[in-house]
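Here chain A shows up in two complexes: once beside chain B, once beside chain C.
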Partner chain A sequence: MLEFESDLSTLVAIIIPCIHSYVSTYLEWSCTSKQIQMALRNGTDRALALIRTLPRVSAFNLRPDPASRADGKRPRGQHGGRRHGYPQKGAKQRQTFPRLGFENGAVPFYLRIPKENYYKGHHLRRQYPPLSLHQLQTLIDTQRINPSEPIDLATICNTKIFSFNPGYRHFGFHLTDDGMDTFQAKINIEVQWVTEPVIAAIEKNGGTITTAYYDVESLWAIRDPEHFFQRGIPIMKRMLPPEDAVEYYTDPKFRGYLADPEKIAEERFTLAQKYGYELPDLSSDPQKELLLRRKDPKQVFFGLQPGWILIPKLPLHGMSPKKLGSI
Partner chain B sequence: MNSLSLLRSSSRVLLGSFRNAGAESIIAPVVSRRHKGYYKSSVEGPAEQYTEVEKSYVEWKFVEKLLPPKLVPETPSDPGVVYPSGWKTPNPEEYSKLPYYIRRTKNGMLPVYYRSFNRGMFQTTRVRYVEGNVWILEKELGQYLKKNFPKQPIITHANEVGRYVQVRGDHEPMIKQWLLDKGF
Partner chain C sequence: MAFSFRAVLKTLTSFPKIGTRNFGSTFPSVAKERSLTGRVQNGQNYCNTGIFSRWGPLGSNVPQRGFHLLKQLTPEVKEKLFPLQNGTPLVESSRGLVQYGFKGRRKTVKAVVHRFFRLDWGAWIRPRTGRHNKLWKKGTKQRKRARTHVFCNSQQSFMLDKMVTRFWHRKKYYVDDPYESYHTRPNFWITHRR
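Let's look at the complex of A and B:
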């Protein structure tokens, strides 16, 4: 190894002067015109001229960065020194230190400061990032969401303004009451968490709201349908909610998707009485079909069933069914 | 919830009876199913059952609805209309009278931004994309805020090259409303 290195160093030592002289002779030989002289004064051109003459880069002319390799031996004394860098006796030589955090008998910092378990286990609990009614109204006003189609997670995420990350235990959106007094849209919306006044605000305007659970795999699919279709895997069946979520999603008060529709109708009526508005009649509504459109509890996307596969790795935009058939 | 708890209680009763019997019990454990996804669930039938494949193109329209738009959807164009959320379309009739112009962002919103530095100790509100006379805008903005906050020091700053006017403090909603009233 040492021999190799010494050869290399001599080689390096040899190469550089060679190049230097070669370049200077090249310059003397070729530079008659002033233009070429001016051109070669440029750093880039000089570098390029140099590269043309240097040998090919290989393991032979490469050397590791000296700082990257640590010497195994401690550079002290013969065979490393009598005490190998450590002082005489004591904990430093014998490595009998106390535990980390010990403060010589004083109550240590990590015990002195009390615990405050406000967020204990928060990383294990389901979270629903908020989406306010005001934000929803703004999306509708600026024509980012079409109110004549049902609104679900995919619709909200496709605006590319709102998103959630299932990796952070986000299980969908929580429709909040900020802006419920000025909410005026008539929509069919499906979210994951909602409170009573928000339901009242939506139903007052003649719309319908449903709370539905999506399991983690379905969430990954619905938050970015374009990416999911390009994966080329069959559309999944949506799983039923876990035990602690069943109570919420079977509750007609929260318009759960697993609740009894008759009881939901009753709750709509009582809520209208509670909040003091005239409950719009759905049966005589011209948009009845839109407002009553619901997904199957095991369905992830509207109109598409579990088990279906989309042919992947194609530019999806502008791909008509006829073109697809020819593939 | 009720049906699940019933299941659980019935299995507990079973266990109890086995214990009382005193016999060598082959206790059926409470089946605790960990929440699985679709792909990790076992297939219901034999593989030969799933050989039929049918190609369909009719449902493509549902796929198209699920694809996001490539461009920001166009906002309504009727000038000066106020929408329920408070969002308003620009009104050229009103703003063309003024010596400055503030264009909307690509999402159709007003370019008023609140920024804070030094852990909230230093706050500014900035009006960007100003064209025309930034100095008059700075003056008018300062006057408006001073009228509303007579006891607060209103420090304004204009940058002609950067095309912005900046005010110390958090005045984002007020400035936005003021600009909307001017028709921007």
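Let's look at the complex of A and C:
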């Protein structure tokens, strides 16, 4: 009995330093009187006190017994080692299983169905991941987007909440009409696809919207501007839209960036008539400069021209200021 | 195909003469520090057109990536290495390593993609069999029914999922998609999403 106790106390002596701080904090918290602490000088008492503090055993804090797991060893010798559990002949021995969908010679299901070509031309179609007006309003309300500056792809991606992948043929965002009735922000936004009610929701609040096309290279750049600038290559020109997108991006009804501004002004008025709201006057607006700010059709970033290279403010690695000055 | 487009592209980008842009003399420090490996798209250098032509090239003092080694070579060695082009590497003579071939990766069974369509909630739809056959003896109702599209069952759907790559599992964001309303199934607890 004594031996057992001493063994237990040595065991506890091993365990206790690991969790000593935990136990001591618990003891201080639970039993503040010194007498109780004195009573726990015995190792067994301390171990029992520790066990009392631990959570109950449940499925949450159990892990499987290590011996319960079968080892993945291939059987050898007399322990089923001749063919390692596989039969002498046939598909299981030679691993020659019929192909997926094979039906023993009958015309398989996946070939029996007539052709339909649902995915025809999928590699050419452009995708526009959705961004709803409700989500946009939330981004503004949570101060992830500053409405006093023009909003474009870089602004939306910089929230680190919404992004897109040009590698998957995503060509920017489609602003959808969810949350249209509660949208209240007054913004100047540039998106890649939009529908009529969304335009009305934005222009009703005195904002402006433009739809603009970005080619794949400029999409990669504007998706992560910092990464692009670190590459140290000149800012590219934004390419014009492809043939099948020209119609959309020159259409004043969709506020295309290649449309005639005068026709867009007419369409703004027409849309206000159609949806029955009073069109806020842009010319007398104090934020007129913000709301009418547009990129050049070949410009990728606001305020930066194609052909520019951005230099980091710190000297480049391996370049002394003297050397930089000589260049 | 005798060559892959990816291999050619890689070869092109590995040679700075083709890949390098003409950059502005206004920012020579950056240009000199980083030998700018440009983008090559369809083997065409975009920077030499339009606005970039207004920016002059920096000239021969720009250390281009990989070229400093060539400059150290004697003319005789250069001639041996590049007999046709007087010290300039032949682009067509070198092909980059094709790192990602089709071997070793699963491929899509194209017959599946031609016949079935995957909805975002995981089901596959298909046309009915025999929709064009023996129409003379089918009545109006049966003809109409034959034109409809139906769901595959669970077993078939799981099999088709395995027969295509994850490209086809990925959600597609097309505008004006005719299947838009079918891509979600909110009235079923497993496929319901907020």
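Operating definition for what follows: the second predicted complex is superposed on the first by the 196 of 327 C-alpha atoms of A that agree within 3 Å, B and C clash if a C-alpha of one lies under 4 Å from a C-alpha of the other, contacts with A are read in each partner's own complex, and residues count from 1 in each chain.
FYI, a contact is a pair of C-beta atoms (placed from the backbone, for glycine too) under 8 Å apart; a residue touches a chain by one contact, two chains touch by 3 or more.
Because the structure is predicted, anything quoted here is derived from the model rather than measured.
Colleague: Does chain A have more residues touched by chain B or by chain C?
Modeller: The larger set of chain A residues in touch belongs to B.
Colleague: Quick one: classify A:129 as touching chain B (first), chain C (second), both or neither.
Modeller: In the superposition, A:129 touches chain C alone.
Colleague: Given the touch rule stated above, what does A:142 touch, chain B (first), chain C (second), both, or neither?
Modeller: After superposing on A, A:142 lies in contact with chain B but is clear of chain C.
Colleague: Please work out whether A:226 is in contact with chain B alone, chain C alone, both, or neither, and reply first, second, both or neither.
Modeller: A:226 contacts chain B only, not chain C.
Colleague: Answer with first, second, both or neither: which of chain B and chain C does A:59 touch in the superposed model?
Modeller: It touches nothing on chain B or chain C.
Colleague: By the touch definition at the top of the document, which applies to A:170: first (chain B), second (chain C), both, or neither?
Modeller: After superposing on A, A:170 lies in contact with chain C but is clear of chain B.
Colleague: Regarding the shared-chain residue A:101, is it in contact with chain B (first), chain C (second), both, or neither?
Modeller: Only chain C is touched by A:101; chain B is not.
Colleague: Taking the superposition as given, does A:117 touch the first partner, chain B, the second, chain C, both, or neither?
Modeller: Only chain C; A:117 stays clear of chain B.
Colleague: Given the touch rule stated above, what does A:217 touch, chain B (first), chain C (second), both, or neither?
Modeller: The answer is both, since A:217 touches chain B and chain C.
Colleague: For A:236, decide between first (touching chain B), second (touching chain C), both and neither.
Modeller: So A:236 meets both chain B and chain C here.
Colleague: Across the two complexes, what residues of chain A are contacted by chain B and by chain C?
Modeller: The answer is residues 217, 233, 236-237, 306, 308, 316, 324 of chain A.
Colleague: List the residues on chain A that touch chain C in their complex, please.
Modeller: It is residues 100-101, 109-119, 122, 125, 127-130, 168, 170, 174, 193, 217, 232-234, 236-237, 298, 306-309, 311, 316, 318-319, 324, 327 of chain A that touch chain C.
Colleague: Quick check: in the complex, which residue numbers of chain B touch chain A?
Modeller: For chain B paired with chain A, touching residues are 1, 4, 35-39, 55, 57-63, 65-70, 73-76, 83-87, 107-108.
Colleague: In the complex, go through chain A and note every residue touching chain B.
Modeller: Touching chain B: residues 134, 137-138, 140-144, 149, 154, 157-161, 179, 182-185, 215-218, 225-226, 229, 233, 236-239, 242-243, 246-247, 250, 301-304, 306, 308, 310, 316-317, 320-322, 324-325 of chain A.
Colleague: Mind listing the chain C positions that touch chain A in their complex?
Modeller: It comes out as residues 21, 23-24, 27-34, 36-39, 41, 46-47, 50-52, 54-55, 109, 111-117, 126-127, 129, 131-132, 149, 156, 159-160, 162-163, 170, 172-175.
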